[in-house]
């Protein structure tokens, strides 16, 4: 199995995630998009691990760490969104522009 | 070896430099209410510093004025090979004494004449910090040390102008809104000088890297006179050094901060600014720029001469258009410092000697002028010469001293101001061989014409301020003539003006050998 | 033990959690005490290790190294956190924040920063960075009721996560091409396979640079900084602008010098441009600010440009020793004066609660101490001798000019111009509080009272700022030591 | 530190001269004493019975006695000596002060001492009750000192110092009544005009000093008489430059304009400074440097001659139309100075100095007389005088003596000196100049007679009651008239030429024409011109009705107008030099400063700030907004519905971020 | 190996399509569900790549926990549950597409240039080995990451809970 399609797919997922971050208005949706990006990195690591036949399993371990950290990030993100929602009654990030100039 | 020899080895100079600073810190600890104590401590400190500087001068070996003496060298910032290297020679000694002396007078004057808002604690500590900066610059023999002291004067002066300065609101060309004079002036002063010195620092670093990684001025001079610095590099370095020093001098057209700063500054501020701070720039030229980069100095000399000549004429002409007394005196500084720079640009021992005595004389005379005009502004609450007049009648003592000082300032022979002007012209007539004689002689003629214009505006100023019948608005007012504090501050300057005027050896005796050594070393002339 | 300072911090973290659970509310100040003591205690092994230093200690198969570089920066982080704690004491108490959690999170961040200094592999560094920054996402939103704080927090968070993912992608590429995680091995393989200047290495470098650029807030990755700084609680902002930024710089220095040192001039040139633009954007934007915190935010952006510039030039010339020396020295001096600057704003805001600094006219007459602090710290930031900032700028100039490289020279000129621009706004606060007339009467003495923890912060920073200006040798020796040992 | 050392001047022969002994060695006393006195008067004068005048008097009397002793010594046994004090060195250049004791300086000491003593005595009375009485004496004493500094100077440097100091004293004294603006303006005018001339002097000194490597006059003269090449190249330039300086002090055309205005000062001042001493400084300078002119700069002497002649005629003509008695005398002084300069220019060293000598006495006499008149009638205008000979007989008599002396009738002083000048011109073959000078003599006689007639004859036209002045004023008048009579007898060709010996007794030998006997042509023409002048004036003003109408008879309108307006020189100066500089150029410079330089500086500041605004508002905070708006317009075009909602800031930041990444990647990967 | 290739291509296609759906669907719940699809596909891919343990973790942590968390988030913030046109920021779309495409382009360009070998699928990874490595070589980051989680947990709770809890804390 060629490595290229996997890597390209991961890059595509990365770009999709970026697109999502940029166009989504709802903060939760933005967080979803971020998960896509992190997932693409995971795919990269695992794929490279397989490609290199890394006996130290560095890639896999790295992706486990990434998953863990991502979970923590989601927790934090949701907490912040929740707090914002409580104060603003909305989760649309494009309405947060108090500190414009 | 005598009983004062413990002052050698840098101790005396270190005391002269740092004692005021230490006192300033002590003053921070004295409660604000103890005003008299603060003033006395300050005066005591300044006097002590002055006395020590005199003792140092006594220790100074005048027969060997061309070598750096009484100094020390200890490691300061080892990682960049910068040392606490100090010492004085005939060039720095007069300026050092001038600095300690003027500081004493400024403090005496401030005893009873604190500008609004009073706050003796602040003012006194600023003067002391300023003194450390000034003294330090004159003794520093390490570029970085020099730079630090050179910059140290900025903050106190900035606050002196900004806090105690003139509060009138004026419009400024190019700015939409009107602005308080002091605020405009203080930031302008600060930005201008910092602009110059920021680039100057780059120049110092350039020397450091080309010059075997040393910041020591004597070592760099040794290298520079042996032709270590040349080509584009030297041109660039000289350009930035020029920028740094010329702003401070100030040379035309970098002078525009000066009239504003002087006009806005409180009396003591303008005195110190005129008497000492301006000298830091010209001293920098003599101490650093010329000997380290002699070839560049030769290349740049005609330009400096032309700028100086422009400065002389320009400053005098601008004076003729002034209605503000202090502003007029400020512009006169541009002209006078033009003579100093003209002398320096000639690169001859005559010219540089002239510059040295010109600096001292300008310090004394213009300092005194600012003392007097500041005091008058304080008494009359105006500096508008259109409203003044008949000052001789209203305030005879002040008026007399103003007249005397104006005479001294216009370069009257027999008074201190004469030497700087005349000798500068003398030097400019025969510049260093190889320089374009025509440019220098034209500059000399321009300078000579400048002396006429100088006489013109000063006499005109006297006519408008001192002479004539007093205006009606002053007649029913109680105006206070110079009190004892003022006289104590002023009279010594008057005496010095005469002494140096009659017996210039007071200055030349110290500077001449050093200048000759400098010139022969750097330019072989 | 080599990592005893980390362990002490860990213990303090655990202690803080336990105390937070156990203590009733009125006794919660004990947590603050414990945290402060803990951070101070963590400083002791650093001193000890530094004094008895013989050679770098390498742990975990080369992924964790304790050398002078890391020791010095660890000391810096601990000291800065200690000062931040002191800054926070009154703040947290007065505003009824969650003390236990607050100190806990700050300590976590400290732990992360400590790890970053020693980390020499991708994973450890990534975890370190995350550990250092995730608590800050939360802390920046700590003023829960304040919408600005909320907003700052979400912006910070979103950009932070994005930057983390960029770093990760970059790491994954590095891993993919070398199969290693430890920096030295990666570098070896890159050089062996002649990949150091390959597009892939460059891409990963750029992605990492962007990710870390976010943390050190260089243009164009800086845009979150002003908003977040403005919204976050003041001590947190101080911490962000000092410690968090320093963490980013440490990571950048390590990565650039350990992995990408042979990646060609292109990267360095980009960095040169970035640092120049950063100075300009930061300074010019700061000119426009009326909100003091925003002003400091932009100022810290500009300072980041200064700190970055020696590394940038080092990347071109390959002479990392000079660059690291300059940057580290700058970082150390900058840390204290910037904390001091935030302290000043903190004190003044206590007196007149306004976000427009022009409302603070004449405050210094009521609070001369604060006035003096303002003068010292802000002019130090501006780089006026004899305050510490001048030496920071000086070493940067020195390293820029050391090679005579045209990029270094131009950057030095840009820096000089920016030093002048910076002066204008740095002097503004001093001008306002010393020279302007008061807008309203300042009523009572109570408000001009400065709590003693703040005074301690003030005096510590003041002494360090002035000492570093007058005897810069001390700090520059640290910088020198760090650069030498770092490269060996 | 101070090393006074004696220079033996007569290394090369001429052993009959002595070094003057103790009396020469202590000559510095008369230079220093006035300064000390001036200080004493300033600080203690007010508390003394005579308000300080006694100190001043004592001082000048001392000078008089000392200088008389010197003169006596000198007359018996020539003294020529100089002393130096080093006051510092610049480079290899020594700055020296000192004093000269030789014929020329002793003559000047004596003139100063004598005239000053008499004027001081006169002034104690004349100034009584005037404002700033004490200060007046301070300045006057100071002046005496400065003048002595000038004439005693062995170096060009000290000469310059004295030169300027007398200028300042002149400024102080002309502006004595500074409450009125005219007076202070006149003082300023005097000072500035002199200062302009001093440019010449200063540069001249610089040129000479640098080419001879010394400031010592004797050394310069030595070099110029021994064919040193360095000085030779600059001799013409130096000579002219020095003469420009002399033109200022000695009021030569066209720099004479200050002197008539200087009459704003009190009359004793005019007598002492603006007639006898200060204004002769220029002539003294020419005299002092005469060997240089002769040896090297003889072409410069032609210039000197030309200006001298122009001055003597031009000023004389203007004197004719003046109504102000003092102005008549002032222009007369200018004219006489013209004579002295002419003499110098023609190479007649002794003649010039001789005229200086005699002129000092009779012109001082005339001024004091005029002062006496003015004191009595409280006006300067002759149109408000008349018929005063009865009321003021002593003043009248002395004035007449002065007039005759000035008109050059024998055997009074002016005759001999003027005759020697004419003789010299004749001898040198300057025929045209000779004729002009004779014409000048005629005019001199004419206007002086006119002045006498208008003042002392006819009906009294003024108000108030004139009376003779008291003794303190008349004694000086009488004494001076004595001098006016006898002063000329010290140099009668063929009879007694002591004066020539006096003034030629100096280190460097003077090569000049000494008339051994009367030059008959010169004597005859001078005498005739005098007589004719007197006669014509007498005819015009006396024999045809009222004297005051005399002016109408000789009034040739256009010429008269030109003369009344003093050749429009003042107008020219003010309109084309002073005003443009003071008003137009100065304001231009000032506005250049505030509007251009400051605007530039502020503009840089504002631009930086604006740039900050642009960077901050557009790039930092809204750059992507713009891009977005652009792209949304794009979408608008293709029909998508667009709501003009505010962009989400956070996403904008992210865009920023990513755009940065993309751009940097592209740059690094593609460009670099 | 051909079947494996086909399967993997198919998997990647599903991955991408569901990924695109996550960011384009106008229904919030759908988006979350498509994310589940994406993650599930990723997990299968991981299994194909012999990273079973990672796949498991992914399923457990993500699908088990994170998605639930997301759904909570969606509900608590009352995001519009049905199809909603206002979910997107139309203004950004073009620029966003441009940016993401260019990033994709750059990445792909370089990836293709650098990596062109094939993956050798091994027999699978020993979870025991992985655990050993994790707890020896990577024990330090492993411990540290716990602090990340702990911090996120405690901080998240503190931020997310209602403010009045603070005021009433003593009474509780």
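Going by the order they are written in, the chains are A, B, C, D and E; count residues from 1 in each one.
The rule is simple: a residue touches a chain if its C-beta (ideal position, glycine included) is under 8 Å from a C-beta of that chain, and two chains touch if they have at least 3 such contacts.
No experiment lies behind these values; they were computed from the predicted model shown.
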{"item": "Mutual neighbours - chains that touch chain D and chain E alike", "value": "A, C"}
{"item": "Leader among chain pairs (count of C-beta contacts)", "value": "A-E"}
{"item": "Chain centre separation in whole Å, for chain C relative to chain B (CA means)", "value": "41"}
{"item": "For chain A paired with chain E, centre-to-centre distance based on mean C-alpha positions, whole Å", "value": "6"}
{"item": "Where chain B and chain D are represented by their mean Cα positions, the distance between them in whole Å", "value": "34"}
{"item": "Centroid spacing, where centroids are CA-atom means, of chain A and chain B in whole angstrom", "value": "65"}
{"item": "Per-residue multi-chain contacts in chain D, two or more chains", "value": "605, 616-617, 645, 647-651, 654-655, 658-659, 661, 665, 669"}
{"item": "Contacts with 2+ other chains: residues of chain C", "value": "123, 127, 130, 134, 138, 141, 144-145, 154-155, 158, 162, 176, 199, 203, 227, 424"}
{"item": "Chain E, residues touching no fewer than two other chains", "value": "89-90, 92-93, 95-96, 99, 103, 106-107, 110-111, 115, 137-138, 141, 145, 148, 151-152, 155-156, 159"}
{"item": "Listing of all chain pairs that touch each other, if any do", "value": "A-C, A-D, A-E, B-C, B-D, C-D, C-E, D-E"}
{"item": "Residues of chain E touching chain C in the complex", "value": "106-107, 109-111, 113-115, 137-141, 144-145, 147-148, 150-152, 154-156, 158-159, 163, 166, 169-170"}
{"item": "In the complex, chain C residues that touch chain A", "value": "122-123, 126-127, 130, 134, 137-138, 141, 144-145, 147-148, 150-155, 157-158, 161-162, 164-165, 168-169, 171-173, 175-176, 179-181, 226-227, 230-231"}
{"item": "Complex contact set, residues of chain C against chain D", "value": "154-155, 158-159, 162-163, 166, 199, 202-203, 206-207, 209-210, 213-214, 219-221, 223-224, 227, 264-267, 269-270, 274, 280-281, 283-288, 421, 424"}
{"item": "Chain A-touching residues of chain D, taken from the complex the two chains share", "value": "616-617, 621, 645-651, 654-655, 658"}
{"item": "Complex interface listing, chain C residues touching chain B", "value": "325, 365, 368, 375, 379, 384-386, 390-391, 394-395, 397-398, 401-402, 404, 412-413, 416-417, 419-420, 423-424, 427, 430-431, 434-435, 469, 471-473, 476-477, 479-480"}
